[in-house]
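Chain nomenclature is as follows: A, B, C, D and E, assigned in order of appearance, with residue numbering initiated at 1 for each chain independently.
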């Protein structure tokens, strides 16, 4: 397992957002985390990335205990997060935002990577010298994605990456996810677009009120009647 | 009560901390001496102290606390004019004698019934200085005045008292030049002075302001005399001004060599401060006046025979305050000290800073009271 | 001639303001934080320097130190205090305010530090002005009948070099980029691996260094220090910073000098009493006509404080 | 009552009024660092009317509010164009200019200050504080209060919600100025002397501090903040000597201990302030705290539902 | 009864720094209608909302609401004309409580004299507060006292924004991606809710990328691409339009049958 989560607990005062969740992401695997609003998905990712200290449990990355490490240490070891709400730097230009993604990198190849990202996101290429604040919602989402890619992660954690993207672009996004995965990058995907998430993922974890409700191969989950009712909406 | 309680408002924190602490030491010396000698009317004196933090509002709080809660017979302090101005109103309202320490703002006690000062008038002291200057062979045809405009005493001295007295003494004097208390660079003011290059520059301001002016004057090559009255007459200026202060003339209200008692006090005072880690070159006249303030109270208390009993508090307070009328007092600052209005008539000592020493240049006896 | 001297005087005073103004600009433009401890840090350098030159190290560890050494240690004290301020103001703001922009918090804490430092200095060194035992020779040069202060020229030159270094650092180094990211969005910055706890202290160290330098040069220049010495300089430096514009270090340089000139020329023409109205009035007018200051960037300093 | 507490309560009451004056501006997101200027205007209006015109209290006190409020209103229009740090420094500059003008005006006594004939004892400042508090509590409980807080958070959205952002800001700034003026009027009469040195920049900073430390989200904040800064040094006045004795005895020193340096009170005040900010960075009183305290019942019920859900 | 459309947008254009973001766009929306405004990312949908609500001022063209020209009406007064909106990047007031955020939405209706100074909450009971709480309850949002809105889950915040806009009792409701961050089931709930709103007479203009919602909620769609209108017609046919398919929906939508698409 590249990433292993054991009995993770995240609480905010009295609110217990994540309660004893355990799962793993293997090298080169896509795992999706599903759940209703407030299920604790974002809280889980924040804890995995180190933005929030977990109150209990253990996080192993590549066999190493990450639980007490800083986010910087995790980025250095190859974890990247596309956070909820994009969190881009609105007063910086698009290009500066992308460069910030390579903050932890010591090599000089960053500019080459930028070119690849501009190829993939033409909207960004056109606006590379504009302040990020004027970008449209979807463009900002692309920027957040691109920024995470610049750090050349081994594991990328996506918090609702399809949010605000047009259907065509959502397709592209999932293509991208597959492609990244083919390159050997592991992916932990939090999505509300349950269908597509289960389509692309190998395995899934379903959270409910912070607890692990279901987990298993994606195909099994997609066939689960309870899940269909709770998350997929009537067809 | 077991003791006779006297209130004491001091500034032992805030920007007046250092000067306030000197005064506090002087008070303590006097009280200890009196108590060691058997106290007053058979009882020891107890100083009840309140720190005003150099804040007028706190001085008022202190006055009320001492008067209403601690049942003191009279109050020594507060320290500065700003504090005294507010606290004197409380003294008057509650009809308790109050003797501020270093508050020398003109007219401070004019409307006060219960406030009395052991402080000499700035204009009188400056007049004495001018007299000594005229009598000497120091050139003094022309003069310029620099004053600190946002400081009450310095402002009135610089804009009113000094020009009038200098004109009277036949000195040609230019328009007074203001500096601000907090400003650290006075090169612009000094540059205008240097243009006129007067024989004498009179400075009205506290030591730190005077020091800036003097240093800048010397830096720009001024060679005449710097004079000032008692506002910055602190023995420590010898050190603060350094070599640039050479030849400065000031007027102090206290001369340690005047009597044995005065010099004993000065020595004791310095050694006690040294123990507290405060380095002083000599007692400031306000320190001596603080010391004398305690003895003045002692004299009044003996004269009226107060007991410090709680049930006689009001009448004893009234007696004490009434006894100030027409009082005559011998202390370390002078003998047969009397009051005109509510301010004392004190002698003046013109001091010259020469060879890094605080030396007596001339002296003038206290004026007579009518 | 007199007017020329006054202009030179203005430039000289201005150069004192410049150093402190640059310190203010640094924290406000990078961290959006109006650091009220700056004047106090300046004072700490001067007073500690004096204390060491006069008394020596505390607890009788040494006799009086030579003044250059004393000043160096004074400057160091100011750097240490600045780091302490960072430890308890900015650091907590970040950890407890991950996603909000309440920049008022460090403002309050920095005032707490002002109280602490000022009163500690009073406790140990008293509240009086003190003569600083500077170099024995006169440090004033006369160039064509105009008095020029050598230490101020030196300090101005040093500050210019420092600013060049700062500008380079902000533009071209990783620290510079990390700082900008933290200033804008500490959450996002830390997601990308920026470590505020490591690089924000750099700003505070520089601030302390600038204040220490300014305090030391002030002591040499004017031969006098006091626990109140930071007050006037602090507010005038703020005025200079605003006139110059918050985003720009060069703006702070220009602003500091402008304030010095306005001050000295006002004294020359109208007297010292008019200075307060002139300097702050000029500032108000500048703000109302050009709300971003002379050289300021539009965006900086407008965030919620 | 104890004279000491009367004195302290007078100071506290004036500080509270003052803090509310600044609070109203801060509540709309405008940090007003010109408090000393407004208090000075109020104090000098009252002092001048009382000393030079012989006006009675019931004229001078309202006048101090009115004059300051009007000046605040006039000043608000240009100054509220500024944002963030620029606004803070603009108001700071305003206070400096006000003080600079006063010190240069002979009619107001210049550096000498003005004596004030009429004395008021503690009940008046306390009444002033109560009135100021009631006004602020009332405003903050109305739709206007809601709007004020909305403007603080996001002016663009507030505008789209139909809020006249500029009007709200100007009104609160002017009303706040009026309250700061009232605090000045009370000051003038309670201490029967005004001198311009009192109204220095440190005062502006401190009063803003009262509001920020107390918390600017609810009208409890200024009161708590002012009380904190007024009472903590007083508490330490008595506590500090005892603390020193305790510390000394730990080190084995017996007998009489010289009283500690009074400046330690302010050092400790600073330390407590810093610690407060470490632990309660939005201010001592937050909206959440007030809401939780005022709905203890609801909290329990929601806890219960959560437990049910967990079960 | 009137034949005047509720909203009519006429030849609207705006550019930023030489970039034409909205280019001569016109469309109308009749009273009670449900119009979807869709298009690829950066097409200019949010910009249209900003123009309608007055955040931006157009370079050319006109906007009429109920036949009345509102071009010169300041943004603040537009809500009074019956137009309320939500935001794509959630903009709730972080220091207001959940209920208070909704009460802010009622602000434009508080027109009775002294309304601004009427107490909102006396011992927690008041009409405005009760109404806001009822609206929230209708959306199934439970309020905990002292809960910080910024700590709420994304989906809940999105809903609160919708409720805030509704609290203004608008005639025209502009929703910018209301279903973003909601899963399938939640989106269905939202649709049902919007259905009810629409049935009560509110006109809907919805920007949304969830084609399921677009097709079952809206009857008509306007599609933008690069600031230009490329389609205006029934939603049922939008995915047969080759231009739209190419620019917006992608091949998947044309391949699949309608049934699986709704999910």
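Here is the rule we use: contacts are C-beta pairs under 8 Å (C-beta built on N, C-alpha and C of every residue); 3 or more make two chains touch, one makes a residue touch a chain.
Only a predicted model underlies this, so the values are computations on that prediction, with no experimental measurement involved.
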Q: Sort out for me whether B-D or B-C is joined by the greater number of C-beta contact pairs.
A: B-C
Q: Select the chain at the greatest separation from chain E, using centres from the mean of Cα atoms.
A: B
Q. Which chain is the middle one, judged by CA centres?
A. D
Q: Please indicate which chain is farthest from chain A, where distance is taken between mean Cα coordinates of the chains.
A: B
Q: Please report how many Å separate the Cα centroid of chain C from that of chain D, as a whole number.
A: 28
Q | Distance between chain centroids, defined by C-alpha means - chain B, chain E (Å) | A | 76
Q.
Could you work out how far the Cα centre of chain D sits from that of chain E, in whole Å?
A. 42
Q) Could you say which residues in chain A touch two or more other chains, in rising order? A) none
Q) Of all residues in chain E, which are in touch with two or more distinct other chains? A) 94
Q: Would you give the residues of chain D that are in contact with at least 2 other chains, written as numbers and ranges?
A: 103, 261, 263, 266
Q: Would you mind writing out the residues of chain D in touch with chain C in their complex?
A: 29, 31, 78-79, 81-86, 88-90, 92-94, 96-97, 99-101, 103-104, 201, 205-206, 209, 212-213, 216, 261, 263-264, 266-267, 269-274, 277-278, 281-282
(Q) Quick check: in the complex, which residue numbers of chain C touch chain D? (A) 28, 32, 34, 36, 88-89, 92-93, 96-97, 102, 104-109, 111-120, 122-123, 231, 235, 238-239, 242, 246, 273-277, 279-281, 283-284, 287-288, 291-293, 301-305
Q) Which part of chain B faces chain D closely enough to touch in the complex? A) 12-13, 17, 51, 53, 56-58, 60-62, 64-69, 82, 85-86, 89, 93, 111, 149-152, 155-156
Q | chain E contact footprint on chain A (complex, rising order) | A | 12, 34, 36-39, 42, 84-85, 123, 134-142, 160, 163-172, 192-195, 229-235
Q. What residues on chain A touch chain C, complex-wise?
A. 49, 51, 70-72, 74-76, 81, 83, 87-92, 96, 99-101, 103-104, 147, 151
